[in-house]
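In the two complexes that follow, chain A is the common piece, with chain B as its partner first and chain C second.
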Partner chain A sequence: MAERTIKVEIKRQHDPDGNAVVEKFEIPYRPNMNVISVLMEIAARPVTVDGKETTPVTYESNCLEEICGSCSMLINGRARMACSALVDNLEQPLRLEPLSKFPVVRDLQVDRSVLFENLKRVQAWVPIDGSYDLGAGPRITPQVQEENYPLSNCISCCCCMEVCPQFNVATGFVGAATIAQVKLFNDHPTGKVLKEERLHAMMGDGGIQDCAYAQNCVVACPKELPLAQAISDVGRQVMLQAVKDIFTT
Partner chain B sequence: MASTPKIIVIGGGLAGLSAVMKIAEAGGKVDLFSIVPVKRSHSVCAQGGINAAKNLKGEGDTTWQHFDDTVYGGDFLGNQTPIKGMCEAAPAIIDLLDRMGVPFNRTPEGLLDFRRFGGTLYHRTAFAGATTGQQLLYALDEQVRRYESEGKVQKYEGWEFLSAVLDSKGVCRGICAMNLRTMELRTFAADAIILATGGNGAIFGKSTNSVVCTGSAQAAVYQQGVCYANGEFIQVHPTCIPGEDKLRLMSESARGEGGRVWVPKTAGDKREANSIPASERWYFLEEWYPKYGNLVPRDVATRAIHKVVYEHGLGIDGQPMVYLDLTHIDRATLDRKLEGILEIYEKFVGDDPREVPMKIFPGMHYTMGGLWVDADQMTNIPGIFAAGEAEYQYHGANRLGANSLLSCIYGGFVAGPKAMQYGKNLQAAEGDGGHTAELKRQEEINRRLLSSSGAENPFKIWRELGDVMTKNATVIRYNKNLQAADGQIQSLLERYRNINLSDKSMWANTSFAFTRQLLNMLHLARVIVQGAERRDESRGAHYKPDFPDRNDEKFLKTTKAFFATDTNGPRFEYEAVDTQFIPPRPRRYDAVK
Partner chain C sequence: MATATNPSSGSAHRGVQPLRAGQGHSFLLRKLHSLSGVIPIGAFLLEHFLSNTEALKGPAAYAAQVKFLNSLPWVPVLEWGFIFLPILYHACYGLYIWSSGKSNITYYPWAGNWMYMAQRWTGLIAFGYIAQHVYHLRFSGVRLADHPGASFAKVHHELANPWMLALYLVAIIATSWHFSYGLWLFAAKWGITTGDKARRRFGYVCTALAVALITLGIASALAFLNPKYKYGWTESPSAQTTQSQLQMPDVAASK
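Right, the complex of A and B next:
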């Protein structure tokens, strides 16, 4: 009897300017494997199904618990985290590709630094006076904590941006992850001191007006952030700010 | 000399970011190096919470009590002065985190809520759902991003630390690092450097640690002369979810919120967990430790589970697993307090732990030992500082749950300003401070690796190392096995010379970077097994059946390992422990202490 195997097809690209090729692998099956353990198996024996020696696959990963946000890729066409993609639940051959909206570094690794730049643009932080002892923070009711906590669970995986029809290099649209952070910090008792500046950053090209409410982001988010609510709330805040700006300038 | 010292921080987890924040705030110049974008650092994995004796539950908790629990939990191996400082600073650290916007859970009055954790009888652990580490890391990441946007911090993400640059007098003058995309080697000048590079779980193959937690940076400076302390103290967390790629942590908060550990009383009981009546379940922790119950410290719980599985033969269905049961707690409470960790179990195992008891087993989790540092967080090499899990000084022989996040932040808060102070008084280097020579040494290492044409796959050597370490140097240790393990590691070192890099390209070559880390892991593994072999006693996480008692007369001492260039292996010294505040007493969790 032939041993049970896992069939994998991986889109590989040696460097940002290289041509993409698909390499096929077949590795021994074990129960409870995830896509990461498949890639680890290939690294330990980098040989294609045709017996051709190749190189271990380059990909980003770190925590393997779906909390660091490193290992997002396209798995059978869907943007998701490789660590939480269990082989037993996936159709074979597994098709692994890099996210398509970000520049490829190599193989499955892409450059997602645009998100961190966006977070700077909207000042996604609480501007504290200093790190010395200034006593207790503001009181916050459990209800408010429970509303804000989910927004603080964003792992910067960029799946929401990958699936967004509006997000691409040309539009410069910030994407849902950044909008959610605007809401999070605008709702914080201290963070709201920068509310106007954040809202101004969300106006104009690439701002929230570029969102076409396709809501693909809501479905793709592995942490189930309340993105639709965040987009609609920030959209309203921006509109009110725009009205206010008319009367104050 | 330098009016504005230049500091390099390596590692962007909680310890590194804390140090960066303090340096930037004090007007210093700081470069932050990290293998991964700092927001993806391993600190995100911490789940349960952070300890501080805020005494908001009317229990009469004090920072002294926190100090005593920490020292006692660490089986008196920790130097008491720094631990006392950490516990006293904890309440203000929580306030600061709260001001930064960490979404801590709240009481109805809007105050911080606290939960219980292992090794204490007080509600002392502040928490943000079950993702406390993630929330804390993000808060610090945001503050550092703010400084970065003001031009006060320069980030080098995607650069891997390879070594310290030392001048002719042995003083640190900077670092050598490798760009993980271009594979370029470069040295960077600094008046002081802070290593905040985390633990070394990868040495054990599978652990709860992240991929980057190889201990490579610590091992690199150890080979350059930095002392490595208490390497033999490795925390095996009692409740992990076994996996193909790693062991996933099931947080202690599951027990803090009432989770109960049990096995069926009958060996090989085939029934579903829920259909086994209470009278036929053995809640062994509650029986053996009536006062602390399921909340005994991690080393105690780990050995108990080990014993029930291997001595009593009562693992679930004959497998090395026991139940961790939350099903008696209502869904709403579980979702409010533990949702994050329950989702992990659900996602990676496929069962809902609100309905079915979880199956767990102990796994390598935390590195108590680390780079030896003094009260200023400086190692024995002038200008090399360390903070966080990479150093050794806050947890003694066993770390208490929810003290790790605290020690990272506190250590970073000490290291940052102390490194600044040191830098201000530093005399200028002679010549180029050793930069040219260090760059050349590292280029030579790369050149040799790339021209190696052996037959050994680095990932296979790594797997073997992990097996050797997990088998011989975790829960139960025997001298004979430790000696054999050291021999096996030496033969892996021998095979390493015959390595085969299947990828020799100079662009984003992750297996090349890994192969460099592997050599460092092998060297650090020897420090762990040899340190364990020499310590003929049982203390905290270090347990030898042949020496079942703690021996204060001989071993109330810090193990200090130095790399001996003549033997290419560790040389050991021992140092007395600072016990000036709390005299050592027997550590027993089956009775009130």
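Right, the complex of A and C next:
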């Protein structure tokens, strides 16, 4: 009887400027595997279906529990986290590709630093650095905590940006994740001192106006952030700021 | 995290560039596009659909409505400032928005993504239709501002061609859809309906609006083909529009 196997096709690229090629693998079936364990299996014996020896596939992963955000890739064409993608639920052959809108470093590993640069440009933090002890911060009511906690769950995986029809080289759109963090820090009693600066940053080219509200980000986000609501809320804040600017600047 | 460029060098990014905080004018242009869809274009669209329902009452009532609209002050300013130029701006910037986005419905066949694509195609259909509509009925043939009595006949003549009728029906559906969903988008993006529930409820309102516009639009279009008014321009007009009787140029001959 033929042994049960898992068929995998992986888009590989040796370096950032290299040509992409697809390599096919077939590994013995085990129940309850996820895509990372498939990649580990291949790394243990990096031989293609044609018996050609190759190198282990490069990819990022760390936590294996959908919390570090590093393992996002295209699995059967869709952006998702490899560690929470269970092989038993997926169609075969498994097709693994790097995210398409981020520069490839090697194989399935991409450079997601645009998100971190965006977070810096909107100052997505609570400013507490100083030369003396600022003491305890103001209290946050449980109601506000409850509303904002889901936004703090963002793992910077960039799935929301990969699936967004507006996020590409032509628009240079900032993407949903950064907009959600603007809401999180604008609603924070200490973070809100930077609210105006964040909103002004959001009005720059590539800002919130480029969102066409297709809501792909909402469906794709593995942490189920309330992104549609965040985009609307920040949309309101930005409009109010714009009107205020007309009269006060 | 690994980076494809040296992270400390601060050199140009590969791939999608980061937010240009504080730079450019796309915010203003984009918000003007968004606003123009509702005011004045959307507002005019509602007026236009409602005015056209006068056709259901017959040629005389329709002529009276055309006459009334042309009696408004500064008609050329209204036409150019509130209708033609805003539509031109909305259409051109709309095409630019379309060209910079990239639909990905194949891999992500989700509701909002379909609507994203539909918003672009319905906009294009609306624009193509509006261009020929304005050319045929406003800028060629008999000038209805001077001859409101000929309005019904002119539109009747246009719709008597079954291809034209089909185009009108498609365009009515596309435009109603584009405006209704556009209104929903507007409310979501400007932060009017920020809550999930509010957006869902407003979705029902906009769906009802679309159905109402499509119904009114199709009913009005078909009214021009009502056999009762087949010879609409020979029918004795009611007392309210004596003028409509005075000017009855041969529409077919003037084309």
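Following the convention adopted for this analysis, the second predicted complex is superposed on the first by the 241 of 249 C-alpha atoms of A that agree within 3 Å, B and C clash if a C-alpha of one lies under 4 Å from a C-alpha of the other, contacts with A are read in each partner's own complex, and residues count from 1 in each chain.
The rule is simple: contacts are C-beta pairs under 8 Å (C-beta built on N, C-alpha and C of every residue); 3 or more make two chains touch, one makes a residue touch a chain.
Because the structure is predicted, anything quoted here is derived from the model rather than measured.
Participant: Would you sort A:Glu3 into first (chain B), second (chain C), both or neither based on which partner it touches?
Facilitator: In the superposition, A:Glu3 touches no partner, neither chain B nor chain C.
Participant: For A:Glu91 in the superposed arrangement: first (chain B), second (chain C), both or neither?
Facilitator: neither
Participant: On the A-aligned overlay, A:Thr55 touches which partner chain: chain B = first, chain C = second, or both, or neither?
Facilitator: first
Participant: Contact-wise, after the overlay, does A:Gly235 reach chain B, chain C, both or neither (first, second, both, neither)?
Facilitator: A:Gly235: touches chain C, not chain B.
Participant: Taking the superposition on A as described, I'd like to know which of chain B and chain C A:Ile67 touches: first, second, both or neither.
Facilitator: first
Participant: Check whether A:Ala124 is in contact with chain B, with chain C, with both or with neither, and answer first, second, both or neither.
Facilitator: A:Ala124: touches chain B, not chain C.
Participant: Is A:Val105 touching anything from chain B or chain C once the two structures are fitted on A? First, second, both or neither.
Facilitator: Both chain B and chain C are touched by A:Val105.
Participant: Output the chain A positions appearing in both contact lists, the one against chain B and the one against chain C.
Facilitator: Shared contact residues on chain A (touching chain B in one complex, chain C in the other): 60, 70, 105, 109, 113, 116.
Participant: In the complex, go through chain A and note every residue touching chain B.
Facilitator: Against chain B, chain A makes touches at 14-15, 30, 32-34, 36-37, 40, 43-46, 53-56, 58-70, 83-84, 86, 105-107, 109, 113, 116, 119-120, 123-128, 130-131, 133-142, 145-146, 148-149, 152-153, 155-156, 185, 188, 190-191.
Participant: So in the complex, which bits of chain A are touching chain C?
Facilitator: Residue positions touching the partner: 16, 60, 70, 77-78, 101-105, 109-114, 116-118, 121-122, 161, 163, 165-174, 178, 200-207, 209-216, 218-220, 226, 228-229, 231-240, 242.
Participant: Can you list the residues on chain C that touch chain A in the complex?
Facilitator: Within the complex, chain C touches chain A at residues 1-5, 7, 13-27, 30-31, 97, 99-104, 106-108, 110-113, 115-116, 119, 185, 188-196, 199.
Participant: List the residues on chain B that touch chain A in their complex, please.
Facilitator: The touching residues are 21-22, 25, 36-37, 39-42, 44-45, 92, 95-96, 98-101, 103-111, 128-129, 131, 134-135, 138-139, 142-143, 145-146, 148-149, 181, 210-212, 243-246, 248-249, 336, 340, 344, 347-348, 350, 413, 457, 459-460, 463, 502-503, 505, 507-511.
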